[in-house]
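Each of the next two complexes has chain A plus one other chain: chain B in the first, chain C in the second.
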Partner chain A sequence: MTSAGGARTVLDLARAEASLLVRSLLVLAGLLASGAVVWVLFGSVQPLWWNAAWQIGFGQLILGLVVLAAAQLAAGRARREGMADLYTSFPVTAGTRTVAHLASLAGAAPASLLLTGAAAAVVQARGAIGTPAITVLASGLVLVIASGAAGIAIGTRFSHPLAGVLGALALFITATTSHLVSGAAIWLVPWEWNQDQLSGLPGPLAGYPPAGAHLLELAGLAVLAGTVALAVTAGHVRARGALATAGIVALAVTCLAGALQLRPIPTAGLDHLVTETASLASVQHCTTANDIRYCLYPEFGRDLPSLEEPVNGVLARLPARPSHPLRVQQVLTLDLTDLTYGHSKDQISQWRAQLRNARASALTDTAIYLPVGSWPAGGSQLTDANFAVALTTAEWGVRIPAQATGNPASEQFLPCVPLNQAREAIAIWLAILATRPSAGELQAGLSSGGHYLGDEVSNTFVPTWTYPGMTAGYLASSGFAPQPTAAGYLLAAAMVSLPQQKVSHVLASAWGRWLNWHTTDAQLAAALGIPMPSISTLVPPPPPGQTTGHGPGTGPQSPQSPLCTS
Partner chain B sequence: MPWGTLLAGCLAGTVYLAIFAHVAKNSGWLVGQGNVRLAFLPAAAAMSFVVRVPFRPLTQAVPVPSWVTPAGHLLLAAPILAATCWAQLCIMTQTIPAQTLGHPPAVYPLLAQLTGWCAVAIAAAACVARSRYADLGGAIGAPVSFAVITLASFAPITSRILVEPAATAHTVTIAWYAIAAAATALTCAAMRDQWQRYSSDVRSLLPRDRA
Partner chain C sequence: MDETTLSVRTAAVRVHGLSRRYGSTRALDGVDLTLERGITGLLGPNGAGKTTLLSVLATVSEPDGGQVSAFGLDPADGAERVEIRRRLGYLPQELGYHRHFTVAAFLDYVAILKEITDRRRRAEEVARVLAVTGLEDRARARIRTLSGGMRQRLGIAQALLGGPELLILDEPTAGLDPEQRLRFRELLSGLAGDPVIVLSTHQADDIAAICPKVVVLLRGQVHFAGTPAELAVTAAGRVWGADERDPHAHLSWRGGDSRWRHIGDEVPDGAELVTPTVEDGYLLLSHAAGAR
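Presenting the complex of A and B:
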């Protein structure tokens, strides 16, 4: 057979195999599964391109698993069906067929590109921040091709379908066990998905992930797998020699790419990141609106209106503002440990000291801290986040302090409880009017899984209220924020049903009195002319022999939450 | 009996778990039930190849019922599967330090879950074996069972009764054994079925007078 004829045969065979791959039910199912995985990974938060592109890559890994299995089935078809002897009698050699199989992996490209395109469209539609990194997206495509090449390498030697399944599982296991390694080693697996800190970055960080080197590694692996597949089927000694050389070169490229990925992140980049974390004023864009200062990272300027709305909603109903100003500010909640591999100890200590000082000064400020990467893209989650911002603003407005006992890192860290304080109900009322969440969602915060939650304050069980978005981590200050009580919410809900003007008049007429932490819910209810909502149905009867109303799951030894005072 | 397939599936997962346990021990991690689940997937995949009978047209022609062969395969595979599960649980428990406070999580929901996985894989393969794709029974059954396992674990509706801690250990156990029972019933029905199913009407392909 002439070389032109051989090339034509390869093209014809490749076209036929690629057509089968494109129409493979397995690949189509994998495409759907990978789309679902990417959707789940995106979650409800506002997408950041430097993170979303890597998440799309994990979807490509799922697609790669099925392409691996499908390619193994295709490459092992002749032997599996007992046709190997018949194929040997054909003029086309096994090596030529393997080349055709490898070329047919182009049939997996449409599915991969479709996944990338659809995911990119979703990311853009949800208001993505930043721009996509083409190298990372291209790495996803190369990963699918490399998986297919591995499938062909397996299929040429092992024709049983279980071999493909095991190969796919082995590839999947590399991704699920990436937590066993740390630092730069996480990039060595085909695609890691849960060890990086991309979601918490305020912008792209050069060298994190090392996209170019990772692309090179995947390309090297693809060539290596292809070489192995050809080596298994090659008949001539000369061809085997050439393939061995190609395999060694591919292995060397893969190792080189691995070494490049293990390099530390450029110091300048990390320096800038630490500055972004510690010296917020020097990097954030701050604007003042309605006497409230909003400080956001440069890429996040578009979030400003969605932050101003709940804050202004509260301010518009506040009879008088506190003397100390309020600041709404984005913060980074990064863990430097996984970023500072390969740097000198002195440098790392210096960065840590910078971060420690910044955190210590931040705790003394009155501010609403928004962790980067946790703000929702829209829908009910955005309403919840708005409510969280509104409630924190209202608590600042009615002077409920952010008091707590214990260490934030320990399990004994307990925020204060504004027990029987009129100002708490006022704060909740202000937040409800500012954001108008659904009544059902507010009511759902009274119980969790059919059980009422509560805190122990002065040896008394106090039913608490979980407000919308409280547990979602939209605010970094949630751990310090006061714990709302069920009684406060019930009174606020009753206040919402009253004419707003009437409530505003009662509040404005004695604002100083309502801010006093000694003023009780009952006094506020009496001033409004409404009965105090009963919470007796929320408190279980005390066990026989006990005089105090301990709640379920709590006891005399339960940790005591402090009372919000001053 | 596809011993090679079954042993390859069982050993692949067990070897992975042993390596993982070794690495985890040095890295300060523990091997949990999640790792055992992952390690059992190859064995479950292998089970979907066990039910296949390569010479079914021949076995249908002999006086012995055709379901005897696949049923025999399953009976022979059961002890291998049990031994694999035991070995993997042993590997898991060896990595738990002796001075650990409190009780480790119960194993019986895990056993129910793994039983359910195998039953689903077998049922999927047995159903495919009754179709025109009989030769790919295992190759289709394995991905189908993986898809079912994934959906059961992550879909909000099913995860409430099939996955801890959203469901209690008792609920998980009962739910997975119920699934296993249903899948076994489906497998029995598929194995007793004499005829392969074709998606298109073959009569339309025949000349009119013969149809």
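Presenting the complex of A and C:
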């Protein structure tokens, strides 16, 4: 047979094997599972391409696991199913069959590309920020191919189906235990899945992840696995020599790629990131709309309309604005510790000092802080986030201060409680009218799983209310924000049932009075001509001695939450 | 070596001084054999070395000693071994199957492994062997759904793919019902191209029916090579019938007519001699080898 005929045989055999691979229930199940995993990883958070591409790659890892198992089954099929003697009698050698098996991995490419394409379409449709990281996406495809090559290498030596399962398990474990290693070494595993730092970046960070080098590593591993598979089945001494050379080259490339990934993130990039974190004014784009200042990182400009909507919804119903301005601003909450590997201690100390100084002056009651990466893409989560912005805007409008006891970093940190203050009900009413969340969702915040929620204020148990999205971390300043009370919510809910014009008239006629923290819920209810809703009819009293609070400082020995007094 | 050179070589299989050991067991012990075009039956009890001999002929096993030549090609040489395999159809004794393949897909896959790269020719070949083995209506069936007999026919079908010049069938009639065995005999007898066919079997009547030549292998050695008639003749005058069992006979068994059939060296006076069969000749040889 001529070499062209041999190539034709390889192609025909590869096509047959690829067809089996594509139609394999295992691969189909893996594709569905990987899609589900990517979907879960995306969650409801607004996708950022520099993070989403890596998350899609984790889906590719799941696909790679099943391709590994399927490839091992295919490569070991003849021996496992008692056909080794028959196969030996064919003119097509074991080495040629292995070449065909390796070529058949092209059959996994459509599944990988389908996953990438579908995930990318979803990411884009959900308003992804940034541009697709092609190198990272390509790495996902190479990961699938490399996994398949590893499966073939295993299958040529071990035909038992369990061998493929164990191989897949080993790959999965390397990916999911990468947190056990520190620094840049996490990039050496086939796919690092616990990369939550990426979601907190305000834009792509050069060298993080080291996508090009990782692609090279995966390609090197794919060639290495293929070489091992061929070495097991190659009959000719000359072929083994060539394979040894190829294996050495592949190993060298893999090691080089590994070394490249161990390099620290470039100083310039981290300098810029620290500046982006500490000196917001120097990097963010600020615009003023309706006298409110919005400061966002350059990549996030498209979020402006969705932020203006709840703010303007409150402002439109506010009888008078406070004298001090309000600012809506993005902030970075990521921990730089994980990014500074490989840099000198002095350099790291310098960056930390910059960040410390910046934190000292941050978080005031005249700003709404939005952590990068936590703003939802849509659905009920966006409604919740809008409510959080609206309520914070309304609290600024009615002058409820952001007071607290303790340090935010300590376990004793507790926000102030606007106990029996009419302005709280007004703020909640404003937020509800601005965003129109469902009554059921609002009502659900009165209790949690049948447990009473409340804080200790002045030795009294105060039932509290958890507004939609309050615990989701849509706002960085939520820890400083006042703790809403159940009474305030119930009065606000009653106000919503009244004609808006009537309520607005009552509020506007004595706005200064309502802003006074001494003005009570009962007084507001009386002015509106409605009975004060009774908490006891909706929220059962807590068992004696039990106080379930919102912060870590709960229980009978919890410190007292402060009253919002100014 | 180019293909032209290969094709002008002599068209026979020669085995000389072939030996093969498995540990301390000598499976083949100086086997000399010449196989011409046509069907050669290989008879022998279990453990006689039939399967080992066939696997060596099929280039699956390598002998410890001796030479094998097929169509003038030496299987010890890598390139010539591949050339032998291109002309080979092989049915191992214990063949597993890719149970999740369909019958047609399996045959198509094997056809690729036999280097039939032209897709149309491959499809024609698959259709042809399905027809000759009577599996056309099972082409789309999964192999796991086939009966044992059907699987055996599928094994024969794959061996026939590509029209091999050397067809090695290790107990091909095992698992076939009488009708299928008859059909199989017809099939082998009607194969085009006059290939060299070697089949091992325990069925002496199969040998008698279709094999112009028979080889009896006992304890790794060739004890007989000739025509079935010649094998039968070796028992002439040593087979007799009787109403009672003869304790002096080497072998005795009762036939369908309730009469005893005896084989032995000393025929009793007045015994009713019967015409020996291939099976008689084989049994006598087998007994003699066991007595040594």
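One rule holds in what follows: the second predicted complex is superposed on the first by the 540 of 566 C-alpha atoms of A that agree within 3 Å, B and C clash if a C-alpha of one lies under 4 Å from a C-alpha of the other, contacts with A are read in each partner's own complex, and residues count from 1 in each chain.
Just so it is clear, a residue touches a chain if its C-beta (ideal position, glycine included) is under 8 Å from a C-beta of that chain, and two chains touch if they have at least 3 such contacts.
In this text, all values refer to a predicted model and were calculated from it rather than measured experimentally.
Visitor: Look at where chain B and chain C land on chain A after superposing the complexes, then choose clash or fit.
Guide: Fit - chain B and chain C, as placed by superposing on chain A, sit side by side.
Visitor: Once the shared chain is lined up, is A:Val66 touching chain B (first), chain C (second), both, or neither of them?
Guide: So A:Val66 only meets chain B here.
Visitor: Looking at A:Ala16, would you say it contacts chain B, chain C, both, or neither? Reply first, second, both or neither.
Guide: second
Visitor: In the superposed arrangement, does A:Gly241 touch chain B (first), chain C (second), both or neither?
Guide: Neither partner.
Visitor: Just checking: does A:Val40 make contact with chain B only, chain C only, both, or neither of them? Give me first, second, both or neither.
Guide: first
Visitor: A:Gly301 contacts which: chain B (first), chain C (second), both, neither?
Guide: neither
Visitor: If we overlay the two complexes on their shared chain A, which of chain B and chain C does A:Pro322 touch? Say first, second, both or neither.
Guide: The answer is neither, since A:Pro322 touches no partner chain.
Visitor: Figure out whether A:Val165 sits in contact with chain B (first) or chain C (second), or with both, or with neither.
Guide: In the superposed model, A:Val165 contacts chain B only, not chain C.
Visitor: So after superposition, what is the minimum Cα distance from chain B to chain C, given in Å?
Guide: 5
Visitor: Following superposition on chain A, which residues of chain A contact chain B and also contact chain C?
Guide: 81
Visitor: Could you please specify the touching residues of chain A with respect to chain C in the complex?
Guide: On the chain A side, the touching residues are 1, 5, 8-9, 12-13, 16, 77, 81-83, 85-93, 97, 235-236.
Visitor: Contact residues on chain C for chain A in the complex?
Guide: 55, 58-60, 78, 82-83, 85-86, 88, 90-92, 94-99, 108-110, 112-115, 117, 119, 158
Visitor: Would you mind writing out the residues of chain A in touch with chain B in their complex?
Guide: The touching residues are 26, 29, 33, 40, 66, 69, 73, 81, 160-162, 164-166, 169-170, 173, 176-177, 179-181.
Visitor: Flag every residue of chain B that touches chain A in the complex, lowest number first.
Guide: 4-5, 8-9, 12, 16, 20, 23-24, 27, 29, 38, 41-42, 45-46, 49, 135-136, 138-139, 142-143, 147, 150, 154
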